[in-house]
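Read the structure below first, then the notes.
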Amino acid sequence: MEVITKLLNNYYYFAAMILFVIGFHTMLTHSNLIKKIIGMNIMDTSIFLFFVSIGYVRGGRAPIIQEGAGYLYVNPLPSALILTGIVVAVSVTAYALSLIVKLYAHYGTMDADEIAIIRAREER
Amino acid sequence: MESAIFNFLPIWVVMFPFFMSMIILIISKRSEKLRDGLSVATAVVTFLSVAAMYPFIISGEIISYTIFDILPGLGITVRVDILSFSLAAIASFVWMLVSIYSIDYMSHEHGGDRYFPIFIFTLGSTLGIFMAGDFFTLFIFFELMSLISYVLVIHEETKEALRAGYKYLIMTIIGGLALFFAIILTFELAGSVSLNEGTLIHAPSTLAFFAFLSFLVGFGMKAGMFPLHVWLPDAHPVAPSPASALLSGIMLKTGAYGLIRVVFHVFNVSVVKEAGWDVLLGVLAVITILLGSAVALTQLDLKRRLAYSSVGQMGYIILGIALLNEKAMVGDVFHIFSHALMKSTLFLAAGAIIWKTGLRNINDLHGIGKKMPVTMGAFTLAALAMIGIPPLNGFLSKWTLGLGALEAGAPFYVVVLLISSLLNGLYYLPIIIAAFFGGEHEEEHGEGVKVKISEASLKMIIPIAILALSCFAFGLMPNNIAFELSVKAASFLFNGLP
Amino acid sequence: MISVLDFLLLSFLIVCAIVVARIRDLISAVIIFAAYSLVMAIVWQMLGAPDIAMTEAALGAGVTTFLFLAAISKTKRAE
Amino acid sequence: MSLHLPVLIVVLLLAASYTVPLLDRYRRGLTLPVTILSLITAFISSLYLLYLIGVQGPFVYHLGGWPPPWGIELYIDYLAVYMLIVISSIGLLVIIYGAKDLLHEINEEVLSWYYTLYLLLMASMIGIALTNDLFNLFVFVEISAIASCGIISAKADRRCIEASIKYLILSALGSGCILLAVAMIYMITGNLNFDYVAAALPEALKLYPYNIVIALGLFVVGFGVKSALFPLHVWLPDAHSSAPSPSSAVLSGLVIKIYAVALVKLLFRVFPPQIFEAIPILDVILFLSVFAVMAGSIFAMVQDDLKRMLAYSSIAQIGYIFMGIGLFGGRALTGGLLHIFNHAMMKSMLFLAAGLIIYATGIRNLKDLKGIGVRMPWTMGAFAVGAFSMVGIPGTSGFISKWFLALGALDLNRPFYVAIILLSSLLNGIYYFPIIIDAFFGTKVDPVSEFRDVPALMLIPVLILAAGVIFFGFYPKPLLDLVNKAISF
Amino acid sequence: MDDLVIRSVSRLVVPFIQLYGLYVIFYGHLSPGGGFAGGAIVASSMILYGLSFNLEAGSRKLGHDVSSFMESGGAIWYLIIGLLGILFGSNFLANRYAGVSLGTPGQLFSGGIIFFLSLGIGVKVASTMITLFYSLSGGEDSSGSNN
């Protein structure tokens, strides 16, 4: 019972972990490279979710200073970090996609297993 | 002032050949004559420099100092005591003669441009081993010598040579790593690997045993001790004859030298005795002696037979260490001298025969003694010394070793010595008899012997003759310089400074 | 305790993620992923991080989807 | 002014990296000089920093003047300066070599991109070495991952592209682990600054032990993937063997090590020592390193391709570094960190030498290398020096690091690891020496019909590195002093 | 996508998106947003333009030369602003400590150097995104990305 309460109280963490596992699993097990990249994005966003929910203060406001102090603010630091993180993730995605396009031009497929088979045949 | 000069000598002795080998390498592209001359000159100068240390050393002094530290407590150090001096002297002496011999020998071979620089470089590293002041320095020169002499082993670059060389290389690496392990254990246990400390490890323990075992593997590998000798009979015969003379005559001794240093400087006699490691050494020595002599009997290739004979002879030296008494040690050091002289004579003589006739098989050598009397005469002299015929140096060393065995209360070893002498006789005498008294069997054998054969050139004969005569000289008088050095070295090892 | 909206959004995220992983048509996967990103942006707005929400909406849902579609159009659609 | 030096190095390299594409458009001839000049400046500045912290001790630098809990902090200690020197010196030599070599390996249009990415990689590695902030660390790690993928895929070859996407995906996995670990640490301590986290962790360990353990595990896995610790090494052989030679040299020589250094910083400066008693993480690292050392050597033995063999050898060598980390407590960490520099020298040299061979003859297969030493004595001579150092022959720098690793193992009374070190040295010998033997001796046939002369500019860096291997083999004192100061956490 | 409606609408919408993007960039320190988000918004306007007309028309508006110049320029701009902090006697990226006037809170120029930094980031992000989009969808073979 206690465990369930704990989970319910930290449901953002819980959801983030589930998403992380889904993303990780997609990334590792799917042989299609585009799927891998989508999995990577899901994994990254789950970590961002986790990060942001750490800084979340229930009932807090967004950290924008307004007239008349005295509000409870949400911790702004994670948001600042996540911004960087999102940009990094987008760059990695873009770079990976450009590589995939090139790879497709060379191999005619973007399936990691098929590429491995083609390479094995080449080496033989 | 005077001692400053002597302090300088060991560095000079080691660095001079290194330096000259570079010069020879550069010069050999220009002129072969100059290259040969420089090589001999280097060897001669090195020998004279070593000999110059004699008055200082014989007076009981030890040259010892640090050149620079690589790591704290671990540096390049120099130490010359009477044992180092003895071995350095014999090494540079033999090297000098072999260098003269090499000139004509190599004129028919390819790759002299490579051979001579490496030859001189190996001289430097060998002397470095003997004059090292701690095990780390010794290890550096040991590896340097082992790796460089690989080039000498495979000089002919035939398939067998390369295969033997590969075996040699792998065994060398294993030996080097074992030595590394031993040195690091010693350093961990004692905090130092210097030879100046007297005794580094004072009590046997598991780690100390591992250290001893690793030293045994490392140095035993080089010395051709029983289970680790496998590279030796392959590597020595394939090398060019002057190189095999040095490999068998001198470089094997570096292993024995290392073992002596281990028994007397890393541990001491009482530790070794207490732990019972001398028994281990003794057993290995006996197996080495018998195995080497017995297998030599079955070999038909002349140089292979000599190589196996070397295995047997190294067994004597290890036995001398195992006996752990002063008398045996005298015989031991003296046998290092004798074997260096005898085996070089034999290999050089064999080289001269092969050079002249191209024959390696013992059965083909009938009647060769009549064609090449001086060479075969020298061969005979050395072979008789090997067997231990009285007025020759081999007899003296065996006799002293035997006395040592008796003093240690182990007459069993004397029996082993006798058996091995017998076996030596069995495999050397037929060669001599066939060479001098065998008919020429022109019908069946000796395609090569049939053609006109005369002595090899003078530059080759003179070194052989000098070596053979010194076998004779050192045996004839029991009070010769070599024996005196052995006595002093043994007493130094057991009693410290006189 | 968990609010209904939170619950709905988070469940939607998880369902989207699973569907993206399972679906075989890549264009559909990318479009569902875009929906996922948009919902994620809403979640962030609710967590009091409007700047991330904005960036996610522009970058995650917008640019990334364009990039994916561009890449798929140059390769092939089915997995 | 000099206190700004650390940040100026990073800024300089970043600025140079963004200037290069502009120069490419207007003054193409200047791209290379700018690259080399900025690296030279970085190297000299690193040396000056070494002098500086010798005078005034380690110091911190606050970006924007914001003090730690809010701002990003750079911490300039001996470890950071050590890595700075390693990175800038090897990076400089490799790019000097690359100036000529790259012309035949990659297209001319992407050449300036290559320099950009190379400088970006250098800047990010220096950032990793300097930073004292967890999130900043993550950002630099990501930049370096993209940049290192970039310098692999710069060669328009299908192998390279495949290798780099494999690397990119695995490295993204690693980054994910690292970011999650950062998030967890932030969750329980509320700080990202190393010192603040370190101060908060002992207390937090009592409250949230599992979080810290999970974070630690994620860090080890994340950095393990990136530095190719044994079971996570699968991307390395393809990536390092197919890349252009300068990239291989930098990737094997520097990139995989900077992550190990990051892990060292985290393990010993951030995590409290109690955690090592709570979970045997060091033993796990040690265990994996033993597998790495053995498996890397064994895989290397069965390779036909020269660069592939070198790549597998890197896996074994990174195992030594991790062994040094795992044997923390004695002199082993000294050995491990020394090995970072030593291996950086030897492996970059070996890869560059392999690059020279490929440049001159186009041969990659080990079997075809017979007799190459006669044609290219200097190159193969340097290769031989590197091989000796790999085996650990005394007088080469490889010996010194092995010496300290072995001593460290004995300090902890674990002779087993000494045996492992020796065994792997033997294996190294078994696969390196035949190459040298075949190159110099034996076959007299002329193996190469077309033979291109090697420009001196390519040969010189290789020879400098070879000289360095020997020099630091005989005179490791300056390096040793530096490393010993670096590990006094 | 040669559709008159789409063309007309996008021709109409693009300036407003860009204006909004600039707003997000410049008011990053006052309201949600900043260089990253705003840059992406500006970029998506250009991508929209490129999609609704065609790629050539899009790249004619913002050529490869210009965008790569802006990419480098944005980053270097950022670094120069950062270096000014050192020039004024404080640390890299220093703002208030370097004596920059912070202005009145709530006004546009109230963040010291943040305004300029955001500009640099926005330019960089927008141009990078546009380059990436064209290189992915067009036939350009520019390898590598940066961030």
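Each chain carries a letter (A, B, C, D and E) given by its place in the written order, and its residues are counted from 1.
Please note the rule applied: contacts are C-beta pairs under 8 Å (C-beta built on N, C-alpha and C of every residue); 3 or more make two chains touch, one makes a residue touch a chain.
As the structure is a prediction and not an experimental result, all values here were calculated from the model.
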Legend entry - Two chains sharing the most C-beta contacts: A-C
Legend entry - Central chain (by mean CA position): D
Legend entry - Intercentroid distance (Cα basis), subunit B paired with subunit A, Å: 70
Inset, instruction - Can you check how far apart subunit D and subunit E are, centre to centre, with Cα atoms defining each centre and the answer in Å? - result: 35
Legend entry - Intercentroid distance (Cα basis), subunit E paired with subunit A, Å: 24
Legend entry - Intercentroid distance (Cα basis), subunit D paired with subunit B, Å: 45
Legend entry - Shared-contact residues (touching 2 or more other chains) in subunit A: 23, 37, 62, 78, 83-84, 86-88, 91, 94-95, 97-98, 100-102
Legend entry - Touching two or more other chains - residues of subunit E: 32, 34, 36-37, 132, 136, 141, 143-147
Inset, instruction - Could you list the positions in subunit D whose residues touch two or more of the other chains? - result: 143, 146, 150, 153
Inset, instruction - Mind listing each pair of touching chains for me? - result: A-C, A-D, A-E, B-D, C-E, D-E
Legend entry - subunit C contact footprint on subunit E (complex, rising order): 24, 28, 32-34, 36-37, 40-41, 43-44, 47, 51, 129, 132-133, 136-137
Inset, instruction - Would you pull the subunit B residues touching subunit D in the complex into a rising list? - result: 68-71, 136, 139-140, 143-144, 147, 151, 154, 157, 162, 165-166, 169-170, 173-174, 176-178, 180-181, 184-185, 187-188, 207, 210
Inset, instruction - Would you mind writing out the residues of subunit E in touch with subunit D in their complex? - result: 65, 68-69, 71-73, 75-76, 79, 82-83, 85-86, 90-98, 141-147
Legend entry - Interface residues, subunit E side, partner subunit A - complex: 30-32, 34, 36-37, 105, 125, 128, 132, 135-136, 141, 143-147
Inset, instruction - Using the touch rule from the top, collect the residues of subunit C that touch subunit E in their complex. - result: 50-51, 53-55, 58-59, 62-63, 66-67, 70-71, 73-74
